[in-house]
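Next, two complexes with chain A in common: one pairs it with chain B, the other with chain C.
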Partner chain A sequence: MLVVDNIDAAYDQVQVLFSLSLSVKRGEILCLLGRNGAGKTTTLKSIMGLVSVQKGSIKLDDQVLSDLQPHKIPAAGIAYVPQGRRLFAELSVKQNMDIGLMARGAGADTFESVLEMFPRLKERLKQRAETLSGGEQQMLAMARALCMKPRIILLDEPTEGLQPSMISLIRDVILKLKQENVAVILVEQHVDSAMKMADRVAFIEHGRNPETMTGEQLQQNPATIRKYLGVE
Partner chain B sequence: MNNSMRSFALHLFVLAILVVLFFTVSEYHSGNLARILVLSVYAMGYNLLFGYTGLLSLGHALFFASGMYGLGLAMQHLGTPAAPAMLVGLISAFVVSAVIGFLALRTSGVAFMIVTLMFAQAGYLTILLAGKYTRGDEGFVIPQADRAIGSIDLSQSDTRYFAALILFAVCFLFIGWLVQTRFGKTLVAIRENPERARMLGYDIQRHKLLAVIISGTLSGAAGAAYALLFGYAGATFSTVQYSIYPLLWVLLGGAGTTIGPLIGAIFMTYLIDISSEYTNAYMLIAGLALIFLTLFAPHGLAGVLRKKWLPWLP
Partner chain C sequence: MEFGPYLFIASLEGAITAAVLALTAVGLSIVFGIMRVVNVAHGEFFMLGAVIAWWVTSMITAHPALGFVAALIVAPLLVGLLAIVSDHLVLRRINYDPERTIVATIGLLYVIQQTTLMTFGPEARPVEAPFNKRIALPWFELGENGFVLTWPWGLSTTTYKLAVIAAAIVILLILWLVMSRTRLGLIMRATQLDSEMAQAHGIHVDKVYALVFGLGAGLAALGAVLIVPIQQAHYLMGGDPLLLSFIVVIIGGLGSVAGTIVAAVLIGMSDGIISVFFTPTLAKIIATLLVAFVLVFRPQGLFGKPER
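Entry: the complex of A and B
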């Protein structure tokens, strides 16, 4: 479905990704693991066209995304939930979701089905986004992305800094998306999370993807985790 | 009653008050109000860019002056009647704002402020340099006999007031409608977080350019109406001061609210008017009022209303 093929990407003169390749299929969860600064977020930004890709290509089915302007990429069916959520802080929960709905011309049925995934937001539709708790803000960021009816969703550390009950809720939603045949690319810091949820795990190191394996293979290879993350 | 209906009712209520005011206040105040209504249109144009889109321009006097001189020069030198001259004013403002928007939007933040300021200064100097046609600093008077549309003499206090009110009403309802549309909501998203809006698939540049053009054209409509209703076009209206005024009106009245520009223009005009009766240092009083309002009502007067009592206020 989405194929990142041998890309180099750079912030101005500073190259961050080097011949990086990965792919994700419909209904699959691909988890990107790696140390801080390894290039995980840059990989997501490259897919969204927010970082310039100098070599290689990014394709969604037959459409070459790397040729598109950044604002045209979501229309191809990709939604991005960045680290730090980046909500429209002064707008209400509903207004934030409306902006997601308008982006793809989605209607009330999409709005309702997204709210079913996040019942807590239903009680807070009129509340300003900045007054929500961290977990609720993360839910809203995901809800807004889902209002765009994406075929692929990119999630950058969605459980970072959240309390365990919230982490569990977010994970349930991610698994539900998989059931609904949405492809998920997930940047994670928690190895246990990655092993539990991911169909495949791609390690990112110094802007490269030296190894990709299934969650099960990863569980059987603790040495790999030590090698790329330096943790047991 | 849903929020859209409430909003529409409020807009109609404000317009009804403005009709009633004409019959209840003295001629002096109705003259003042006619001027305020025209300047409120200018402030509404400014508010669309600043309050709803988050772009702070210091060059809006150029758009106001484009409308004013578009109409004024057409009437003065080509003998164009008032109604088509008004159209010339609108087209002038439209073209100038499209060109300035296209160029200035290559920058953002402080650079956008400076670039718009520089363009406005260039416009001001052009008006002075073209003194043969514009009569430079002195400006020119539009003869009373020419200030008529058909048999309606716009130099009379009652027709002038209602002409100003009609222009205001059209722009007020237009802005009230625009900010509720998909386009208006996208502008707010851009104001709140442009990068996030881009990631959601919105073409930021296109929306910003359209906002500059609509904002500039509304400002130009105010400039053209000012010249037509008050019979004068002068270079003063293209100075930096006239770029700062709408910013102050909008800040005082409430940026990002449809009613804020009117409230700000009324407040500021009457603050200066009343304080100047008592002291020559009336600008000091206006300055102090601005400081206190900024400290205690940073969202402006309509912003306070929205925050405390009327969360649906558009």
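Entry: the complex of A and C
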């Protein structure tokens, strides 16, 4: 469904991605694993058109995203939950979600169904985003993205710095999206959870993707983890 | 005249300065807040508003009110359009880089000013007010039988001056409604808070920037049309509004619209009062000193939030 084919990407003059390729299908969870600074966030930003892609192409079905103006990419059905949440801090919970609804013209029914997934937000619709707790902010970042009714969702370390109860809630939502046939690209820090949730795991190292394997293959090859992450 | 009524007159003059300054400074403030562009040419957009008002009113002469109403519509639109073109041709090409936009808008300032000098000429030209009835104002005095209403000689204003204050309030109210209640306002605020995330949600940031730059310039032009029946149009008239707008935006807190309005009232009123009692120069000196104090002791402005 989404195919990232051989891309180079750079911030101004500094090249960060080198001939990187990836793909993800409907209803599949692809996990990106790699050390800090490996280029995971940059990979997601390239898909969103937020960094310049100099070579290669990014396609969603037959649509070439890398040829679109950046603001037209979300309309193709891609939602982005960035690292560090990046909510519109001074806007209310409702207004943050409204921005998501506007992106693809979703209506009140979408709004209601997203709120059902995150009942805590329902009680805080008028509150400013910056006054929410860390976990609630992450919920809102997910909710804002889901208001776009995405066909594919890019999640950058969505469980970073959260309590265990909150982590499992976020994971349940991700699994639910998979069941609804949404394609998921998930950047994860926790290897265990990556192995449990992912259909496939793509390693990122120095802006390249040297290896992609299924979750099971990974479990049988702990040496790979040591190689790319330097941990057990 | 006694001190009380005299102060009242001075405050009224100050309120007019404040009203026009609020419009102009809010224009500068939203451009800075949303685009992070310091628009040094803002005063020239103000000047152009006045010049276009003169031009429109001298073409439509059937009735002074008719020409003036046309100017109220045409001047902000033309100036806004010019700003949008400048955004496309200049600011977008230098990627809204903060330092380079300052230099570029200084260039824009001279281009606009000199083009006006070459076409409009160096004279100051008057614009007739659409209505201008002198009205006497009452004053209260504590007499032997309590407060009594008096009509001191010379205590008067004009209907037009009062209308300027009312118009500025209405325009600012409309702006506030647009910013806080509409979809467009939401899009502008989201762009201001995080332009990259706005783009990741399908907001066409370049279009928002063009619109905001046009809106900012249009507000300055609107302020100028309102004041030109009182002040006359002149190709150098952009200097004071630029200086005062910067002062107001810094004191109010960069990018804070509410702070800008409060600061405009503060600076406009004191400018009016000090100008009446002493000299306009002293008023500018005090305002500039106030900015220096704010920058030293409260760099985020009186109403701004500290940088995070």
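Rule of thumb we're sticking to: the second predicted complex is superposed on the first by the 232 of 232 C-alpha atoms of A that agree within 3 Å, B and C clash if a C-alpha of one lies under 4 Å from a C-alpha of the other, contacts with A are read in each partner's own complex, and residues count from 1 in each chain.
In this section, a residue touches a chain if its C-beta (ideal position, glycine included) is under 8 Å from a C-beta of that chain, and two chains touch if they have at least 3 such contacts.
Computed from a predicted model, the values in this text were never measured in an experiment.
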Do chain B and chain C fit side by side on chain A in the superposed arrangement, or is it a clash?
clash
Does the superposition put A:Asp98 against chain B (first), chain C (second), both, or neither?
both
Between chain B (first) and chain C (second), which does A:Pro222 come into contact with in this model arrangement: first, second, both, or neither?
neither
Now for A:His71: first (chain B), second (chain C), both, or neither, which partner does it touch?
both
Considering only touches as defined above, state whether A:Gly37 meets chain B (first), chain C (second), both or neither.
neither
So in the superposed three-chain picture, is A:Gly84 touching just chain B, just chain C, both, or none of them (first/second/both/neither)?
neither
With both complexes overlaid on chain A, does A:Gly134 touch chain B (first), chain C (second), both or neither?
neither
Just to be sure I follow: which residues of chain A are touched by chain B in one complex and then by chain C in the other one?
48, 50, 69-72, 74-75, 80, 82, 86, 88-91, 95, 98-100, 102-104, 144, 148
Partner chain B, residues of chain A touching it in the complex:
48, 50, 69-75, 80, 82, 86-91, 95, 98-100, 102-104, 126, 144, 148
Quick check: in the complex, which residue numbers of chain C touch chain A?
183, 186-187, 189-190, 193-194, 196-205
Complex contact set, residues of chain A against chain C
48-50, 69-72, 74-75, 80, 82, 86, 88-91, 95, 98-100, 102-104, 144, 148
In the complex, chain B residues that touch chain A:
182, 185-186, 188-189, 192-193, 195-204, 311
